[in-house]
Structures are given as C-alpha cells and as structure tokens.
C-alpha cells in the first residue's frame, strides 16, 4: 500500500470524468496480491528512465559531436572520477554543505514562515526585505558572502541557505494563512497553548504546502552546491563541474551534471520516505475517499 | 460564583448555591450587542441590539430563523468575534478572547475536528494542559461512552459518519468540562433516538456539574425540553423577540414532560413566534 | 420510462404514467448490496445485504440510527462508491458511476459548495451543459427563491450561515432538475418553519416534475410526512429492517396530515423500530 | 564608440561580423579599430556581445552566431586541447614592455612574505582556476624556485580580493588593472609582476579566434578583420591615451583610474611560437595533459 | 553607500541602461509567462494521473537539480547568445517550483467537491477548470513567486555568462572595470525588480484568491 499512495491520491481527479469501465477494471486488478502490485509500481517508475537511458545510449553511440559525447564515454568518465578517492574528496564536502544548507534553510523557512504567516505585523515589516533578498542572483550574493563570511565552508552553507530558504518560507507563510478559520476558532475556544496550536493544528494543516516548499528548497539547495563553489573552492562537485566547463572538458561536465541529477533523484527518494510519514493521514484520507 | 462552599472533585468548580432561577450574579451578560460583517458601505448588519443575561448553572436555548445570527451571537459570546458595538461580560469582566472556562461545540462540526488525529486524540488534545495522563484517558473514554461512541476512539474523523463526527465534537466539549458550554445545533446530524439520549445526557451533565449551557437549536421541542429559558431571536437585523421562561417541572422526562399540556402550550407559542420571526 | 407520451417542458422528461404505487418498472433496484470500508483484515463491514426498489416518481424516505450506513447507501445508489458486492440497477442498467439524470444533495453541504464561486455561480455551474443562458438565469433565480434565499445569490458560501449553505445546496439540486434526486439529511441545519416550507416545496417539486426522491432524514415526522414509503435500516452490519408503506392521503398538509390518527400510528411504529435498531 | 555596440558604417555592401568580447582592457584594439574607422574602411560592420569568459564565447562561435571571439591565450589553448574547431586569428594584447610597467601583479599583506616562493603553503586567490592569471602566477612561483603545487589557489572575483586579503582569508591575490592600482593604494605589497615574469617578451596574452567553419567559408572577411585589428594594435601601442579613452568610454572605467593605470602591450601578429610556448607552460603546470598540436594553432590570411 | 545611491540614480539617465533593462525585463516576463503556460498544464496532467506521475517522477527528479548555469555552453552551442537560449534556460530552470506545487496542490482538492462534480456530470474540462484549478491556485501562487525570482536570476546569469543582451552584461562590465558602486547599484536594482514583481503578484492573488481564507477580511 505504502508504495503507491503518494501518487494514487490524484486518481479521484481523473475519475471525476473517467470512463466508467476503466475505473472498474482498475479496482479489480487492485485486488491482486501485494507483490504483484509492488512489482507493477516499480515497473511503472522505471520504464521511462530506462527508455531514456537506452535511447540516449544508442543515439549517442560513437558520437563525434564535441559537446554531445556518447553516453558510454560519459559513464566511463563518471566512474573514473566519482568511484575513486579523489571523487570522495569532491563529494564529501559538497554533500556536507548540501545537508547543512538544506537543514538550516528548512528550519529557518518553516520557523520564519510560521511567524510571518501568523502575524500581520511581522509580515508587513519583513516581507519587503524577504522579497528584495530573494530576487538577488546568488552569483551576485556570492561576493557579498565572501566579504561577510570569508572563504570557508560556512560561507558555502550560508549561500545554500540564503538561496534555498525562500520556497519553504513562502509556502509555509501561505499555508499558515490558509488554515481553515474553523480550526483557528476551535483552537481558541479550547484554549490551546501556542505550542499546541503550532504543533497540532497549524503545522499539520499547512503540512502539504510546507512539504511542497521543502521539495523545491531541496532542489535549489542542490543547484546551489554548484554556485557556492564557483569561488573560493578547490574541491567539490560544483568546482568540478565549473572547472570542467571553463576548460572545455565536455565529458566531465556531463559526468558532473549526471551526478547532480543522481543526487537529486536519491535525495528525493529519501525525502519521500519522510514525507509519507508526515502526510500519512492525508494519504490515508485520500485513498479512503477513493476506495470508499 | 464566589459564594460557594463544597468544591467539586473533577474540575474544581464550586457547587451551585441556588436554583437556576435564583438571584445569583449572572455568568454571562450581553449588553446592547450589535454585529455587522464587512466594513463601510458594504457592511451588512446582522445583530442589531441584543440584551440578555445567563445565570450560573442555567440552561438557555436560543432559537430563531436560519441565517438570523445565532452562530454569530455564539461567536460573540465566546469571544471569537468582536462585537461591532456593545459588550459581552463574562463573570464580571468584559470578554476579549475566549475565556478558559468556556468552550464551544461548533455548527460546522466536521471541520472543527482535526483530520490528522484520531477521535481519541482530538478529544485528548485540549485536556493536556488541564489534567494528568490517567485522568485524561478516563475522561476521554467516559465522554466517548456518553455520546455512544465507545470503541470508535481509534478512528479518524473522516472514517466516521456525519452524526458520529458531531457526537465526537460533543464528547470533546464534555471531556473538557467547561463552566460554560456554548452549543451550536449540536444534535442536528443524529437520529431521533440518539438525539433524545443526548438531550438527557446534557441535562444530566448540567445537573451534575452545574454547567451553564447556551444551546442553539432548530428543534422546538428540544429547545423547550432542555431549557430553563428560551431566547427567541427575530430579524434581520436581529433582536431578542421574546425570552420565554420554561416553567416545566424538573427532572424532565421525555415522555412525561412532553405530555404536559404546558409543554404543548409553550410549543405552540414558540412555533408561532418563529413563524412570525421568519415572515418578518 | 419509455412507455410515456406527453413530454415535460423543462427537462424533457416524460410525464408519469401511473401512480407511484403503480406497477411501472422500477427506476432504482438494489440487489444484495453489501459494502465494507478498507481491505483485508482491517475491513469493516457497513452494509450487509440491502434489497429494495424505487419506482419512478416515488418519494422514499430512509431512516436508521446514526452511523448505520445511510450515507454509504446513498453513495452506492448514486454510483459514487462501488459496492463490495451486489449491484445497483438504474433504469435497467447496472450503475457504474453517477448517471446523468440523477444527483445528490450531500450531508456535508459546506464542503460541496465551491468557496471560490458565489452561490449563484455554484448553482449555475452544473446547468451550463444543459440549458441556455436565459434559462439558467431563470432557473437559478427560481431555485434561490424557492429555498428562501432570494437576493443572496451574490454571496460566497462562506459568507452564509450553515442553514443558508444547506439551502443553497438544495437550490443547486433543484435547478439541475434531475429525474432522481438523492438527499442526505438535507434539512438538518434549518429552522423548524423553514423545514416545513422545504418539505412542502419538495412535495410540490416531486408532484410537478415527477421527480423520484430518495430522502435520508433523522426526523421521523418528516420521514412519514413526505414519503410514500419509509425504509428503515438497522445495523450494523446494516440490513433493511422494514419497509413501511405510508398510506396517508395526498395532497399532504402539515396540519391536517399530521393530525391524522394513522400518522400517529406510523410515527409510533417508526419510533419503536428505530429505538430497537439502535439498541441492536 | 558607445559602450557595448560599436556599430560602424552601414554601407550596402558591408559585411556584419559579430564578436564575443570580454569587457577588459586587453581587448582595446577592437574598440580602437571601430573608433578609428578601420572596420568601416574594410567594409565591415562589427557588433559586439559582452560575455564573461571564454567558456561562453567558444560555443557561441562554434555555433556560428558569433563569427569572432576573444579569449585569453590560456583559454584558447584549453579549447584547442579539447580539439574544439576554433583557430586563433589575431593578437589582442601582449605582455607589457617591462616588469615595471606590467599591469599584472601578486599582492600580499603579510610582512613575512617577500618573494613569490614564500607563498608555498599559503593561500592565493586568482580570478579563475586553470585560467590566465592562475597560470601566470603558478609559473612565476615556479621560476622563483617555489613549487606551485604547494600553493593553494582558490578562485575569487577581482572586486572582492582586496577585502579578502585585508581580512586574512587569503595570503596573496593575483590581479590586473584596474584592481592593481586599487590594491596598491590600499597599501598592499606587490611581490611579483606576473606576465612579464612567466612569459617570454611580447607573448600574446589575449587574442581573437574564429570558428574553422567561418574561416573556410569567408576567408576574405576574416582577412579584413585581422588586418583592421592588427592596424588597431599598432595604433594602440603608439597611443596609450586612445586605450585609456576606450577604458573610460567603452568599459565604463572611472577617468582617474584609467589615467593612472598600467597597460598591457599591443601590436604584432599572432604567431604559433608564442602559443606553443604558452602551451608548454600549461603542460608543465599540469593544466593540460599534453600540448595541442603545434600546427594550425593560428590562421593567417 | 552614497556612491551606490549616486550610481543608482545615474543609471536612469543612461540610455544603454534602458536598453538593457528593457531586454532583461522582456526576456524575464516572456520567460515567466512561458514557464507558467508550460508548468501549470503539465503539472495538472501529471498530477491527475497516477501512471504519468509514477512514470515521470524519476526523470523529473533527475532534471530538477541540474543547474541552468551548467547548461549555458550547450545553450550557446545550439542557439548562440540569443533570446531563444535565454528563454529556454529560464523555462528549464523556473518551471520546477510551479510544477512541484501543482502536483502537490492537486492532492488538496476536496473529495466532496469532486463527488459533487461527478454527480452533476461536470465533465473533465469543467472539473479541471472549475474545481481543480481553483483548488490548486493557492499552491501555484507561491510557486510562481519563487519561479519569478528564479527566472530573474537566470536571466541575469545568462546575460553575465552567456552574453545575451541585458543588465547582466552591464554587471560583468562593472565588475571587471572595478566600478563597484555601479555593480552594487545594479544589484540593488534586481532586488527592487523582484520587489515590484512580488507586489504585482500579491495584487493579482488578492483578486483571484479573494475567496481563500488567507484573503478573507479579518472577521474579528
């Protein structure tokens, strides 16, 4: 069950107008053994990436194009550069910065969003600054970061944090503002404490929106690994990609890009596990509404 | 409320000193209450000029045509809405936000339960600040039992029928043990028999814990059966059309009380009032 | 439904050929309907084995204790839920998704209205595929008028009281002019006088357009007053406990009909049944 | 000319050439050719496209959207090392006349660092890694007897270097004008003039290149362009004030800064020899595994 | 500080500035419009079909973290420093937040409202436009605001690195000629542009989401 719930919740929408026989069929096959269903889900998830990879591999085989090397040579470079000690040297600091930057951005985003979402005063005071800051290109912020924070890892974490915090902040803010007024009334009428309101009412109510924001924060954090290593770096994935780009090492650039994609993919898998935990009730509710 | 002696075990509230019709200080006073929604030229006036008082331990019903402002009034009483003018005084102090000793059963019950918590957790949540863990477990179980939901505490609200959700919301309010309980059409979604049981439950609770209850209902029999007074609203903009003293003997009984000629008189009178109010 | 002659102006449905108690083909047949929620070991059976039929133009009430499965049954009848076993046949064909000629007034009225549309737009929305612009404007206004909401069409649902929202949902269903109308406690949130008016409105509509109505209610008087038959459910798992023929003369009248001794007999009988059902 | 778009005479028979430019003083001949009307005389209309580095210009030239690009010699050689189909056509700037007039320098703040080889074990900021300034600094350190492998080079934008040096984030910074003057004024010490140290006299440090396809297709246009640029180079070598004027008018530099700054050398042709020598430096430093083939590094009309 | 302010004011008297400003604003707004036009329907499509969602999730998650900056050389190779390249990169970089938000928003559609749609035979189109889209709007709004600033950032960066017409070019020139004050004047300008766009979004939202609890007039 847990495998397909994240997405199957959307079924209802299509069902609203789907031709009836299709619905009936799906329901019947749903009754099959769990193993079969899980197998189908994996198949469903894998067919497109596998197809893309195969087509890419075939189409690029023996490529002489300078900017579009064959997938084979990319994967060879990939395993040469990333499955090695030197690879670890590049990977470890980048991933550490990513995790730290994402974690801090999430915390600040949620906490700040809660504050700005619940207090009109705070929002009025802080919003102009927020929207000003979030429009500054990180490559421009970078020099500022250098000046303010020096060249060590702290600066890179700060760049990731500052660049990636906004989606979570905005989503939390909007999510908190959108909490059903009926629930607010209920919390007041029962004299729930501030902590209880936040923990049991506001956060769960805004959770779907917060989680959506966190996804984007995660995505931007990974992108910002590269930007944060644009300057003042001598190692790291971003450093690798940028140096490869500057020195026209096209295959290496592709290999680095591939790595970023992989990191994104894996990070989202991990994220999905946590998300299912947080939104379990919502999944259950939707599945329930569908199956009745 | 301060003249009392014998403290009650559970919520520590003092026992009632006299009959509900006695001369104790009112627990709730509504003075020239007016409320309109919106501002400026688009403002629509809902409550015009409402005045009444509720004595401690009293059971007051409020009736009035749909849309006349009963929910609005209850929200003002509970401090959830600020009146446009006039005031609500609770235990001698003007209200400004919901008092801790008061709570509300909302008309829109399905949206006042948290869908991410089981029914048990929903009921338990407001008790956390007031009671120990054991007490809470007992109160939750008792409350569920009382509203006929024993054994369904582990369900989520959205796994329950409309009537069950409504009863869960009532159970939450009962377990909270407020001094003053405002209820907005709390039995609208339950069947006739359950309704009767719940009416009697409310009478028992009110008797036992001396809870003050303000009760909005559309059911005229119910309004009379449970109450010591019925406030009839008419509108709009809404005013108090009449305050009806329900001079029926206590304890009330579903068969006997409703068979009394006086009951039928009150009933007929109330019905006429509402009919007129609606026409107005 | 195909044996008819004289087409009706508005929705093009044929006029009724005989009395509701006649021998026409049923419009709805429920065969051995069972429904459980959940799957595997955690499944909970709600409806056990339900059988009944509804003839065209008939007004059927369904009563039963809170949580027995009335809403579930209505959702199965409307094709919103697939039965776990058994079938629902609508006009001779097994149902598989909501038929075009049928609609539902949901118990959870506040969530069935779209908050981003005014009440007028909410009512208008489903009419767009069926009627011209002028017709729609007329039907919307008529429907609002009928439920006593004339002049409030420009409000958003969340600017209305609970009872007003519920009436708006009813207005939407009426304006849609379905052949079969399923209503789930449609008057639960309105005051006594409005309720009476709406009951009579439903009888008029049903009479005038020959609409088939299946009506869930908790009000026993209401169940009898409006219906030609009352289906009593008991549970759980729920079965049909009794189907009561309401042999009261038509046209019905709020005072006269309810004063009939037969009415009181039926009432008492029904009450007993529900009481027993609840105990079960 | 107006910043960014020196468009010349637009006669009916004039050919348009788009040039990807780097907004730095090394490429002044382009603006001078425009200002002096050399392009117009040759029947060329030149449009410029300001970009940040060779990594962007090279693909745009390969694509054919730009006909000519500017690159530091090292950047160009990097591209050639990967066999990209571009070829050098003209020299833009060469090393300054002598060490004293060299417009590149390595600045330190720490008293104890007096020579380039003292930087071993230290942190040095350059504007980009494996690029011109990095190579010049590393080679200069090597020539001073130090091992550049023991120097930690990091990249940093020029404008931030002064602050980083002051804060002690880095021990040395590698700059060119106008940052040279800024640092000097700020009291930092220059311990080595890099280009003149690292490279042979008159070596090309900035150059123009074009795609092989375009050179094959329109050798006539290329010829006209090269001639105009070379003429402008000579002019620049003789008229430093014209260069300073470009700095102010086309690059947006402040007038006082432009007036006082050191300039690179200009003039001369692009020759294979210079490129081969520079490529050897890159190989020595380990920037590229092997030098690109010597022939075909430059195109002559 | 005063230098920055002076430069800032000076910008407005500078004809080149207005050209570049126009170019940046144009590509940004067109890019954002395309982003919305692509991402919203795509999100609706993917989000409302389990098969599509499951099938595409791996590929999408893979593409999302690819920095547009890494694609600039490829873009230049294919289009040169032209508007197409800039728009492509803007759309590629800015579509993900909107897409993600739409996919999440679809889960929030009330099932009672959907049941209503089914019984009233609203059909797929009406269901999507009248029920799904309005329910999803509160999710799209912050997504679009995030995308707007990402689009602005990408516009700037492609101008800086990829040499397309716009303020980014001015920034590069300012940077390399040590015109620090002008550089920061441009930075402040981007921030203000972001601020202006946000205000525009707020106003539109207040109009389109009038019904949403966050915009209902305070009831107290």
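Order of writing sets the labels: A, B, C, D and E. Residues in every chain begin at 1.
The rule we apply is simple: contacts are C-beta pairs under 8 Å (C-beta built on N, C-alpha and C of every residue); 3 or more make two chains touch, one makes a residue touch a chain.
These are the chains along with the protein names UniProt gives them: A, E = ABC transporter permease subunit; B, C = ATP-binding cassette domain-containing protein.
Predicted, not measured: the structure shown is a model, and the values here were computed from it.
Least step count on the touch graph, chain A to chain E: 1. Taking the definition of touch as given, a chain qualifies here only if it contacts chain D and chain E alike; those chains are A. Spacing of chain A relative to chain C, judged by their CA centroids, is 47 angstrom. Chain D has its Cα centroid 41 Å from the Cα centroid of chain A.
Centre-to-centre, using mean CA coordinates, chain B is 84 Å away from chain D. Those residues of chain D in touch with two or more other chains are numbered 53, 55, 58-59, 62, 157, 159. In chain E, the residues touching two or more other chains are 73-74, 77, 118, 122-123, 131, 160, 212, 216, 219.
With touch defined as above, residues shared between interfaces to two or more other chains in chain A number as follows: 67, 180, 245, 282, 288-289. Interface residues of chain A facing chain D in the complex, by the touch rule stated above, are 66-67, 142-143, 146-147, 150-151, 230-234, 243, 245-250. Of all residues in chain C, those touching chain E in their complex are 75, 78-80, 97-98, 100, 102-104, 106, 108, 111-112, 114-117, 125-126, 128-129, 156, 158, 172, 176. Per the touch definition, chain E reaches chain C in the complex via residues 110, 112-113, 115-116, 118-123, 126, 130-131, 134, 209, 211-212, 216.
In the complex of the two chains, the chain A residues touching chain E come out as 4, 7-17, 41, 44-49, 52, 67, 127-128, 131-140, 166-167, 170-171, 173-174, 177-181, 208-209, 211-213, 215-216, 219-220, 222-223, 226-227, 241, 245, 253, 256-257, 260-265, 267-268, 282, 286, 289-290. Residues 180, 182-183, 185-186, 188-193, 196, 200-201, 204, 207, 281-282, 284-285, 288-289 of chain A are the ones that touch chain B when the two sit in their complex.
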